[in-house]
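Before anything else, here is the set of structures, which you'll find just below.
The same chain A turns up in both complexes below, where it pairs with chain B and then with chain C.
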Partner chain A sequence: MSLLDDPRATFADLTRPEGWVLGVSVAFALFLLVAMLTGALGPTYFLFLVGLAGMYALLSFGLNAQWGFTGLINFSVAAFFGIGAYGSALMTASSSPIAGGFNPLVGLVVALVVALVLALLIGIPTLRLRTDYLAIASLGLAEVVRLVVLNERWLTNGSAGVRGIPGFFQGWPVLSTFPEAMPGLRLVVIPGSPIILGTSFWQSLLNVLLVLAFAGVTFFVLRRAHQSPWGRVLRTIRSDEDLARALGKNTYSFKMQSFILGSLIMALAGVFYTHLNLYVGPGDLDPITTFYAWVAVILGGSGSNRGALFGGIVIVTIREGTRFLNDVALPIDPAPMRLLLIGVVIVAVMRYRPQGVLPPQRELIWPSAVDGRATPETPDSGVRERKGGGGDE
Partner chain B sequence: MTVLGYMANGLVFSSIIVLGSIGLSLVYSIADFANFAHGDTMTIGAYTALVTFGAVGGLGGAVLGLPFGFFVALVVGIGVAAVVAVATEKLIYEPLDIDSIGLLITSIGIAFIYRALIQIGFGSDFTRFDVQQLRPIESLVPYGVRVTLHDVAIVASAVVLVVGLHVLLQYTDLGRKMRAMADNPDLARVSGIRTKRVKLWTWVIGAGLAGAGGVFLGLFNQLSPRMGFNLLLVIFAAVILGGIGSVYGAMAGGFLIGMITQLTPFFSNVVEALPIGPGWLATLLENLITIEYANAIAFVIMVVVLLVRPNGIAGEGAT
Partner chain C sequence: MSEGALPKQDPVLRVDDLQKSFGGLAATDHATFGVERGTITGLIGPNGAGKSTLFNLISGFYEPDGGTVEVNGTDVTGMEPYQVADHGLIRTFQTPRKLEGMTVREAMLVGPRKQPGESFLTLFASPGSVSESESANLAEAERILEEFEIDHLATQPATDISGGQMKLVELARAMLAEPEVLLLDEPVAGVNPTLAKKLKDQIRRLNEQGTTFLLIEHDMEFVMDLADPIVVLDQGHVLTEGTPEGVRNDDRVIDAYLGGGT
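What follows is the complex of A and B.
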């Protein structure tokens, strides 16, 4: 399985879509690298894009934990993302109409707590509903959240948004001064067009490391959760809720757990966005954010975390690529182009590959079971003994 | 404004919501999925009428403050909305081999494509129909009712369309087939009803009514590429309140939701006037029942109805 042990076997093991995705990704990365070396793409902007891709991947992970694992149609992604963003922005920003000026870590905790409360508020009434009703109800409640954020000026500063947000590492021992402390570098790859790496570059680098940390931890937590008995119950609910209930599972409780898990991850994406963008406005709660996350998840393959990662990158390519196209080639307003591309991707995926580009296959099975070389390890003791016969799994 | 004034506004807005919600409900029950592209079908109707009206002009005389050309534009708008919906059904939805959730997600993609194309064609700014803005009808102003002849035209046209639909559903062969299909598609099919054809007619009727609703929405407010999508959730609220799949429920739900959203400023006056128990409750209510939250109130009603009475006010049948 490992790339280092046996590279050739690993590549031979890839399914065709996996090979395609790998090939396209490598080609795309090379393209970006060339663009950066030739100076067409500023390194700071490149890192901003990487941060944005990480953020969408995080958002997609959150949705994946709800839709991909459990089959919950949550159309309130934007609300949780916005609550996460506003939660941390209002706690940390200098222009915050309420508290403000706290350490970003406090902002992170507050944002997650508020998102948890919102998840309960939205989840308790809606998770009992039929799937399509859940879709409509959650979209409606997300809209309610957006209207509240837009109109309660004393709390959120209304349509003006919140400015003066510090970076995430403000107030940390070494990292807060890291960008200023680093020397400005001047790289000359192609004579005549040097690349200058200044303070903003190091700032962006820190952001990228932050989102990598967030996304990495989330990825492994979700991967572990998905393969665990808990994840199996969620998958059972997704394919047949009555069956899960007949097996004695409290499906409402499991759905709620999965909903909260996903919502917290979305709020985490929002917290990161706050410190990446340094400005939060009511426009960030627009339903389009919800559908960006949806496109990423269904394109990547519902239930697949790798797919969500891939989808996140595609979304950033669509978002920023249209802007780039508008600057360079076609004088078409990027907003409708983006919308058109998103729509076409949704329809095309549902038409030609409803399972997504990278549907979860081996992801769902313990690695030792697919290796084929070794028989799956047999447990020393029975499952029941190990668990002490308890638990509601 | 007086209560009567708000109610008159509510009636006009309700007519638009009713036109939208009937189509959504029909498609929900017969094509069996929540069509998120329905709002943008309304936008298509509105912009088609804008283009047609610009091309044909006034055509001489006028009825209820609207030139004849506007009615031609209305008919063309209805027609184009129906044709676009049928083409979408034929090209996109029919070949799909997925469940109703997949169709729901696909319809979001369709909605984006519609809206993006309109935005590319017309820009994202607000526009208006090139008809003269009218003053409120003088004889009604003393009662606090400020409606124009255009508003009367909207309500009258909506009534004509709704009555037409009622006749179609109750007294024609197609209507009976549609009701049979809404009730039980499999049973309808084994009884020899050509369900595919009935489905196409459902799209024609639903999208046509949506197109008409869009034209009237443009006349009532303004036109913008987001007009339909912004109204979509309100229409969903109406459909759910009325009971999904029930056409008459959708009419009632549309009427109620339209009234509630337009009466919100009146309710806020009432709340301010009433001596409500503890002070904090009064403050809370006064803050929440304001015009900014008119739509939010509709959405909350929608969620409450889904929880308490998922079959809506139309009763247990839900068809």
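What follows is the complex of A and C.
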């Protein structure tokens, strides 16, 4: 039933929420394209936004692997994000107070290892207990990490942050000089407002390719994991941990795996952010990042990878889209406006679609095991939606 | 040693001098009994006799204060539930556990133990072996659903079926875990008579195929008809054990149920 084999059947198989989300996404993409062609939206800035959307998608993927799959309540998304960002920044930056100057790939590995250690440290004492304890511990952890970063100047530069971070592809053959080597382009779509594609555009393009690679691999890994017996045990734990234990599953081990997987993905988002922003400061560890990731996952539909992706994009749209409201005279500032909008969206979703916009739509069985069997009729709505909502406590 | 328990030739489960207190209450008070391989053993007793506590102690959900539990000759006292399950003991719960967002056959597929696809690395290192076992498990799940005559529910959401059907699914899923001894906690509580009869037939059939059962049940007619021997629990210890006939006519049992002196 792949898109290439039989496009019409694929579209016919879409459930209604899928159709809606697809339609809205296409319309939104067209809108952005038009905005870019008319010069209202700078192409370099657009690519920056795509990078940011990819980053939020990664954060949501990470949280979805913990909360959506297993029901682990992690309030330290920002901490793991920050560990990823600082880990890679401190390893690669010229102004790093410790090592510094390493290849970004080294930074990536170090960041992931540190995140892994932190996940183990917080997971070992709490994951044997009820999920509430992880929630409490992670809430504290986020603040501890932030304050350590702010105060331990010998390690992190404190409030000054870390500057002089290279792009991710520095030191790579071809790619490290790619932005300079590309010619500047000048496109005229509408007379009078030319679009200029210079070095910074090519640099941003590289970043977007990087985040697409990160997010793409993550999505593939999570999708396969979600459909597997492994993911099924996680979903059983989410619904009823005692049942999983009674059926012979080592739930502590499964919860740990899920927690580590999610934490690594969040750190990956941080690594990307470092090389996108080229500056990392303690402000990047503010709890608002955790909040955004939770909003994205709940909005998209807990447990759904596509939902997490969708939620991440919505968050960036609201966060960055409100900047354009500066031009329009409004009674409130864009900053509080942003939070207000997010609040309104959350209230609306909880009221009309408590299961999220795009919760898992189909049963999750290892695909090749179901192929060739009589597949059930595609329901009007997803499996998860018929339970009458309100299931996500 | 409790006087009530009968000696066993080939016990698949042995509980010896098991104790558990909650505060000042001795919920399990030096309980000793065994479950003979191949039997359907009933566990009855008035409310508060400690039947569910005993189940939780045996299956590893509670840690006993003293005494031992042996499954298949291995001492499993103090082990985690999953380790007890690994030794061949599976249990179900009094209230059916719902798996939200899963279809019935998905919920069934949680049952099989030691699936290769439960290892994260295998998913990527050896997807072929995952496909193979998943296909086999799916076929097995559908076969068992058919035997239970609920195959028409296979693709229904697992939360949308009736309480009695959930009990059937739970039993069917437990069978996928291939237990040597299966502990059922009130298999027909809140189930309509037709489904209860169906459950009884299924338990009997599975027993004939070699699974040993230990079941708690309040429905006397059900348990007397199905189980032999029957262990009677009162105030945390084994009052007596015997055939349904023997138990039914035992004055001490009647006293225990009527709240008479012990």
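The criterion applied here is as follows: the second predicted complex is superposed on the first by the 355 of 393 C-alpha atoms of A that agree within 3 Å, B and C clash if a C-alpha of one lies under 4 Å from a C-alpha of the other, contacts with A are read in each partner's own complex, and residues count from 1 in each chain.
Following the convention adopted for this analysis, a residue touches a chain if its C-beta (ideal position, glycine included) is under 8 Å from a C-beta of that chain, and two chains touch if they have at least 3 such contacts.
Computed from a predicted structure; not experimentally measured.
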Q: Return first, second, both or neither, reflecting whether A:His226 touches chain B, chain C, both chains, or no partner chain.
A: neither
Q: Go through the superposed model and pick first if A:Asp242 touches only chain B, second if only chain C, both, or neither.
A: second
Q) Can A:Asp333 be said to touch chain B (first), chain C (second), both, or neither? A) first
Q: Mind working out whether A:Val345 is in touch with chain B, chain C, both or neither, as first, second, both or neither?
A: first
Q. After lining up the shared chain so the two structures overlap, which partner does A:Thr126 touch, if you call chain B first and chain C second: first, second, both or neither?
A. first
**Q.** Touching partner for A:Lys255 - first (chain B), second (chain C), both, neither
**A.** neither
Q) Touching A:Ala135, do we find chain B (first), chain C (second), both, or neither? A) first
**Q.** Touching both chain B and chain C, residues of chain A
**A.** none
Q. Which bits of chain A are touching chain B when the two form their complex?
A. 73, 125-126, 128-133, 135-137, 139-141, 143-144, 147-148, 150-151, 291, 294, 298, 332-333, 335-340, 342-347, 350-351, 354
Q: Write out the stretch or stretches of chain B touching chain A in their complex.
A: 33-34, 92, 95-98, 100-102, 104-106, 108-113, 115-117, 119-120, 123-124, 225, 233, 236-237, 240, 290, 292-293, 295-296, 299-300, 302-303, 306-307, 310
Q. Which chain A residues qualify as touching chain C in the complex?
A. 221, 224-225, 228-230, 232-233, 235-236, 239-240, 242-251, 257, 261, 303, 359-360, 363-366, 368-370, 373, 376, 383-384, 386-387, 391
Q | Residues on chain C engaged by chain A in the complex (per definition of touch) | A | 59-61, 80-82, 85-86, 90-93, 97-103, 105-106, 109-111, 113-120, 123-124, 127, 130-131, 133-135, 137-138, 155, 157, 159-160, 173-174, 177
